[in-house]
Each structure stands twice: as structure tokens, then as C-alpha cells.
Amino acid sequence: MVEDEELMLKSLEFRLKKDGYQVFAAKDGVNALELIKEHQFDLIITDIMLPFVGGLEIVSKVKTDPATKNTPVIVLSAVGLENVVLEAFQLGADDFITKPFNLSELSIRVKKHVKQPTF
Amino acid sequence: MDSVHYIQELFTARLPFFPSNIRASLFIMLFCIIAFTELYLYIITRRLKQTWERAREAKYKEKITNMLAHIVLYDEDDVTDAVNHFVPRFKKLPLRDKAVRELLVKELLDYHANFTGKTAEILKGLYLGLKLDRAARRKIKSRYWETQVEGIREVTQMWIREDADLILKLTDDENSQLRMEAQTAFVKLSSDDPFRFLDRARERILEWHQLVLFEVITKTRNVQIPSFSKWLSSRNDSVVMLCLKLVKHYQQLDAIPDLIRLLMHPNLKIRSKTINILGILEAEMAEEDLFNMYFDQPVEIKTEIIKAMGRISSGNYLEFLKSRTQTDDFKIRMDAFRSIKLHGAEGRELLNNIYQVTTSQNKAIINHVLDERIKG
Amino acid sequence: MNSFFYFIEQFFNNAIFYYALFVMLSYVLLAFLSAVEMKSYLRKNSYVDYRQILVSPNAPSVSILAPAYNEEATIVDNVRSLLSLHYSNFEVIIINDGSKDKSLETLIQYYDLEIVDFALNEQIKTKPLKGVYKSKNPAYSKLTVVDKVNGGKSDALNLGINVSSKELILCIDVDCIVEQDAILRMVKPFMDESKRVIATGGVVRIANSCEVRDGRLIKVHLPDKIIPRFQVLEYIRAFLMGRMAWSRLNGLLLISGAMGLFDKEIVIKCGGYNHNTVGEDMELVVRMRRYMHEHDLPYRVVYIPDPLCWTESPSDLNILGRQRNRWTRGTIETLWSHKELFFNPRYGLLGLLSYPYWFFFEWLAPILEFLGLFIFITLALMGNINWEFSLILMSMVYLFAITLSTVAVLYEELSYQQYTSGRDLIKLLLIALIEPLLYHPLNVYWAIRGNIDIITGKKSWGTMTRTGFGAPKVKAA
């Protein structure tokens, strides 16, 4: 889970933990890439606008590295960045959610992408 | 002690005997010393106060974010239950303190902007439950436009439609910032006639305000979108510009006849935008008008016409486009080649034919146009 | 004989006094105008949601032009941070100005570049283009790398302008640390002024000793070394007090080469950057303004006080001296090549106020100071000095200088407050006390050297080829 707004990061972390997932939170792209290197994730959720390394670069790094290219990536973005979302899909992102979004929808999408939740 | 005495003498006993420039210098010195000391004291006390306030705020901020972050866990429950669960907890915060209240409002608004559905409803319920909307209404009635803007922002983010009428009054305000803020808010909140401000807008709507209005109009859900062609004959050029952008965004084909009328508009920007939109709407019926006006136009309009013919790509004006590839102007040639390329297989073939016989610079342009890696 | 010297001394004291009074009054006026402009800028923009520009399809398109000369060590990081700027409709054009190191190869390798068939529209004449490169990776589709024969910074920027396909051009130094929302903030004046905006300039801040990671600024500190610390104060004063006032008057003559956003159409119409001067940044603005006046087009040049661009400033006296020497030469060259403007009412405020200000304050002031010192020493050696009066005059000037600097620190405190630690603030205030005594004389000395170099023709007028644009380049005067 990569998101630079602290409140959002915290609340989505709570929410996903409630759904039974183990969550690693990163506040910026650099931190996220470090985490991705160290762990094998079942799903990556990332915001587009991030300090240091943008969300698009994370998608591109994840999808070009053979070790992680099968990890699904959901991109979070503000309304109106449709062209960016298009770019994210070109880079291999698996799904996108625009803010504002519905939490239940997020959790359904997460469930869809993570076949076996890791407890 | 001696030096103090010396300085004292300078400003008292000896003062009348100095030449006027030295006397003036002494006064300026005195003034500077006083100003300097006051500045120092002010800067330092301000800093100390600020540090103390920040520490306090940070403490409350952490508390508030922690409390708010838990709200997401309640989104499967009933909204009223959840609100009832949270309101008493938040009431324990010292909300009478303006700094704390503002902090909570800010966090609530930012947070609310991220969600739809139940989470958003719970947040709104919390906002109303804590009676924060009353404070917002007080802000809208403030004497200062900055405060008014803050209030308008709050009620708009929280979708408090009851306040639309209060805001309507401000859509004619003298202050352009406030006016714009009220107009955008009104578009969002008004359920019956959100665009009435366009009818009477006499002042120029700055490009920046157009941008903001465009964003709000196109990004707000459930806004009743009218046919914007009715404002294309407005005498206010900026209203025409804004509506052109909206016609384009909503692909309003019914505006094409009005657009063709605008081709004669004296304002170059409007003319060029109109041509651009006719192209995007693929208005084949405008092609003849575009062709007829072409030769009297300045270069920036000419390139727009050529681009529009490419977008329409009816094939009727391929020969014309081909002839344009022999003009002197580099931009016109490049746009002509681009437009030919947009004509599908027929265009490709024409490009190939031209390539065999044309100048080396035109060959380079054709290669450039065909290179998909170059955008723009 | 004695009465003759007495007369000279009287005259000298009066001249110093009235000159000082004139200068001080101008500064007070500028400080006041700055305060007005800062206040209105901050009020107007505190409610702006810059994300609206970010997502809007109606925002103007921007090309970032960054010339690079022998930057292989940092170029990859610099390009990455430029690509991650918050803006939707923009492209990054890196112009490799015939680097002798592996700048180009490094870029090609890291960003997976390949040469494309680019047809160049040579609107401004430049040294030959060697090739245009684009990335095979769609993640870097915004990047264009241009390789050319070495021709200096102005020539590189001009080629960048020819390659650019956008409406506005942001000319920056590739090694600057640019804040993420820099473009958003600099673009806004192009949309919210009733007159046509032809250029906006950004504030330049000093990055020495600041925490930087991956080409991004993490935390601001006051520089550890004293020379950059002096410059921090100097920059705050120049940008928050000087340029804001000139922005208010619409009389800005200089936009730092490190960060300026220009209307491409006008730049092309005036013929782009001039590569026969070392002060190409100032020269361009003057020429653009002149163009607008000569065509009777109403326009504005706007300044953005937000700290958007951070640069490493020279911490070595020799390098700093060379930089100041170059600024002086740039100023002289610009003033000389536009001498027709001097008190020419046809150019409105530009001719009647901005140009004379630069002439008297930026060019003449150091020379007068130097002459003053020279006469003072001569008189002193001949024993014809009223020491008390001279000391009073000097103390006045000193006290005024430190008060003015303190006001500048106050402006910074009231607006952006970049130096958050209390210790840094105290240091900044203390540096104001010694700046007029230590740093200012050095500046006068360098300015005089610049004048001498121009007169002796040592390193002027010729093209700047081969010198490249190594270390210092931001002008704060």
C-alpha cells in the first residue's frame, strides 16, 4: 500500500487489516520500491502522485522485473487523470480506482486480485 | 561609560552644531536602531509563540487522525449508528478552541474528498453532528472574502445543498476570487439552474477561472448539462470561450451550426478554438466554409484549418492538403502531412507518392510524421 | 590650500550623504512595494487548489528545456526528478551540448533511448543538431534527449526551443532541485492576468547543507559554511524584497537562468537567447519586453515568490568571485546592447525606471562605492578627514543595511519560513550583522574586476563556447 497522505494510508491499512490481509505501508515511492525488493507481495496498491518516485514508475519497475511481474498492481488516482491512468494500464497496471471511491468497492477489488489472502 | 556619554552628547548638546547632513544621519541612525531592535524582538517572540502552538497542534492532529482513521472500519454498519458512535467521542475534543476546531474541519474535509458511499455519509454525519456547519455558515457571512471562501469550500465539500441560496448571492460579488468560488460552488450545489450565472456574466472570466469552472462542471456528478450552444452568441468573449471548451468536452453535435457562425468571429482565439472543435466533432459540413476562409487567414488559423481537415478526413480536400505541402511555412507543411496521414490507407498512399518526388526537407517531415515515437 | 581641502571634504561628505539617502529611500520604497505584492500574492493563492491545473485538459502545455554539459554523474537522477514533476501536459527536453563525458551514453542506457526521425523546424539558428532520442519504454514517453554540437548554454536552449512542441518553455539548470509543483505554480499567472503574460520567474534558493535524496529536497538547513550563508541572506533580500517589488511595478528585467517560464511564441519572435553575452538570461527578458513595447502589445512579466528551485551555490571564494564577475559583465553587456532604452519614454516604465535602476544601482553603485573609498583614503592620507563625521556617515549606512536585511528576514518569516529551526533563524539574523562588513566589500571588488575585464576586453563579447556552464549561474542581484 503506497500513499502519501498519512490519514488515507493509515485508514486503508486499518481497513485492509480488518479484511484479513497483512499490510505493509509506504509513504513514498522510494520506500515502496525498497519494500517490494525485500518482500514477495500478493498485491500492490499505489497512488499516482507520490513524492520521490511516482506511481507510474513503481508500476513500470514492478512489471518489468521478472521476480514481481505477476504481482497485481492497483493504481489509485484523483479524478481527471484519465490519460495517466491509460498510461498506467499500458505499463501493465491491473486495475485502477479513482478518488473519491467507495470503500466496499475497494475491498471487493482487492479480494478479486488477491486469490489467497495471506494470514 | 565614556562611550555612552559620548553618544548622549551627540544627540543632545552637540546636535545643533552639526551640519544638516550629519544631523539627519544621526536621526536616521536612531530610527534604524529602534526599528532594528523591534524587528529582532518581534521575530523572536513570534517564533517562540509559533513553536509552542505547533507542538500543541501536532498533539491534537495525531489524536484526530487516529480517531478519523477508525471510521473506515464502520462502513458496513448503519450510518446513523456509526455517527452516533463517533459524535460523543469527537465531542470530547476541545472544539471551542478555534485552532483545534479548524484542524478537525480540515482533516474531515480532506478525508471526505477521498470517499463516496457510506464512509462519506458517516463523515458528513459527523460534521453535522458536531454542528460544524453552523460555523461554516457564519464564515460565509463574514466580512472578509478569505473567510467567506473558506466557508463556501466547507459546505461544498460536504454537499450541504441547503446553503445554495446563501451562496447564490455571492455569485455577483465584486471580488473576483469570491465570485468565482461562489459560481463553482453554486454549480455543484444548485439542483435547479446551476448555469444561470452565464446569462448575466459581464465581467471577463479569466482563463484561470474558466479552468476552475470547467473542472467543477465536468467533474461533479449529477450536474444537469445543458446545450452550451445557447451561450455561443454571448457578447462576452470569455463566456464563449468557456462554452466552446464545454461543447468540445461533451461532444455537443447540435452546436455545429452555431460553431460555423463563429468562424467569422473577430477574436482570433475564439476563431481558432472553433475550428479546432469543428475538427474534433468531425463536422464534415463545415469543411467547405473552412476551405473558403482559408486564404484570408493568419498562419495560426491556417494551421488549425489544416488540422481540422485532417480530423474530419472526409477525403474531399486531400488535393488541397497536398498543395499545402509545398508552401514555405514549415508548420503548415508539417500539419498538412499530419492531416494527410490521418486519412487512413488513402493518406498513407498519398504520403508514399509525395515522398518519391518531394524535397529532402519534406522527406524528413514525412519521416517525422510517420514516426510514432514522437508525439505532439 | 586648507580651505580648498575643506571644501572638497565638505563636498565629499555631502555627496556621500545624498547618494546614501537616495539609495536608502529607493530601498525603503522597494521593500514597501514588495510587502504589498507579497501580501496580495499570498492572499490570492492561499485558496488555490493547484490540482485543478494538474488535471485540467485546458492547462497550457509546457516544455522543460534543460541543457546539459558534462553532467554524467548526476544526469540520470536529475532527469528522473524532472520527469516526476506534477503536471500533465509537459515534456522534458534534455539538450546535450556536446558533452565530452558520457552524459549522452548514460542517458541512452538508463532510459532505453533510441534515435528517431525528427524533422527540425529551425526557427532560431543554432549549431547543428546531431540527433533526437526518445525512449522505447512508455514510462519515459515525456522525455526527449537532443544531441548537438557544442555551442554554449544559449545555443543549447535555442535548439531546445526549436525542438519543443508546446506553448510555454521552462528553461532550467539541469542540476537544480525543482519542487514538484513548480510548473503548476509558475503556469498560473499565464492564465490569471488580464494582460498577456510573457514570462514568469521563480525564486532561487540555496541548497547547500540541505538534505537531498534522489534529486529531491527533504529538509532545509542553513548552509554550514559562511560564504553560502551570506548568499542565503542575499538571495532572500534580492528575491523577496527586490524582485517582488519589480513584479508589482511590472518592471522586472531579470529572470534567473536557473528557472524561468516563457511564452515560446514571443521568444521565437525575438530570436531566442543571445549567445554573444554571458548574461543571456537578463538579455532575453529585456529583448522580449522591448519587442512587446515596439509592437504596442500590453504585457506582464510576473514573479513567483514561492521557493520552487534550489541550487548549490559556490562555497569557494574564487568560484563565487568568477560568478559575480560574470554577472557584472552580463549586466554591462545587456545594458550596453539596449542603451537606446535609457530614459526613453517610448518604453514606458522599462525605459524610465527599470533600465535606469539597473544602470545606477546594479552597474554604477559598486563603482561609486569604490571611488568613494578611493577618495576617502586619499583625503585621509593627506590628513584632511573629519573622522567623526565620516564615522557617523558610515555607521548610518551600516545600520540601515542591517535593518534592511532584518526586514528581509522578517518577510521570509511571515511568508515561507523555510528555516524552521530556531538556531538557523538566529544564525541568519547574526549573519545580517556582519554581511555589510565582510561580504559586501568582496562583492564590490568582484564587480570592479568585472568592469575592468570588460574594458580590457579580456573575456567578453566573444562566444561562450567551450567554457560550458559548470558551477554557478544563478543571478540574485
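In order of appearance the chains are A, B and C, and numbering begins at 1 in each one.
As a working rule, a residue touches a chain if its C-beta (ideal position, glycine included) is under 8 Å from a C-beta of that chain, and two chains touch if they have at least 3 such contacts.
The structure displayed is predicted, hence computed values, not measured ones.
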| item | value |
| --- | --- |
| Category of the chain touch graph - line, ring, star, complete, other | complete |
| Dominant chain pairing [most C-beta pairs in contact] | B-C |
| Between subunit A and subunit C, centroid-to-centroid distance (C-alpha), Å | 41 |
| Length of the line joining the C-alpha centres of subunit A and subunit B, rounded to whole Å | 28 |
| Overlap residues in subunit A, where contacts from two or more other chains coincide | 79-80 |
| Interface hub residues of subunit B, defined as touching at least two other chains | 215, 219 |
| For subunit C, residues contacting two or more additional chains | 55-56, 141 |
| Sites on subunit C touched by subunit B in the complex | 10, 13-14, 17-18, 21, 24, 43-44, 46-47, 52-53, 55-59, 61, 91, 114, 116-119, 121, 123, 132, 134, 136, 141, 165-166, 188, 190-194, 389, 392-393, 395-396, 399-400, 402-403, 406-407, 409-410, 413, 422, 425, 429 |
| Complex contact set, residues of subunit B against subunit C | 10, 19, 21-22, 24-26, 28-29, 32-33, 35-36, 39-40, 42-44, 46-47, 51, 146, 149-150, 153, 177, 181, 204, 206-212, 214-215, 219, 245, 249, 330-331, 334, 361, 364-365, 367-371, 373-376 |
| Of subunit A, residues touching subunit C in the complex | 30, 49, 51-54, 56-57, 59-60, 78-81, 83-84, 87, 90-91 |
| Residue ranges of subunit A in contact with subunit B within the complex | 5-8, 10-12, 14-15, 18, 79-80, 99-105 |
| Subunit C - residues contacting subunit A, complex | 51, 54-56, 80, 83-84, 86, 88, 137-139, 141, 180, 213-214, 216 |
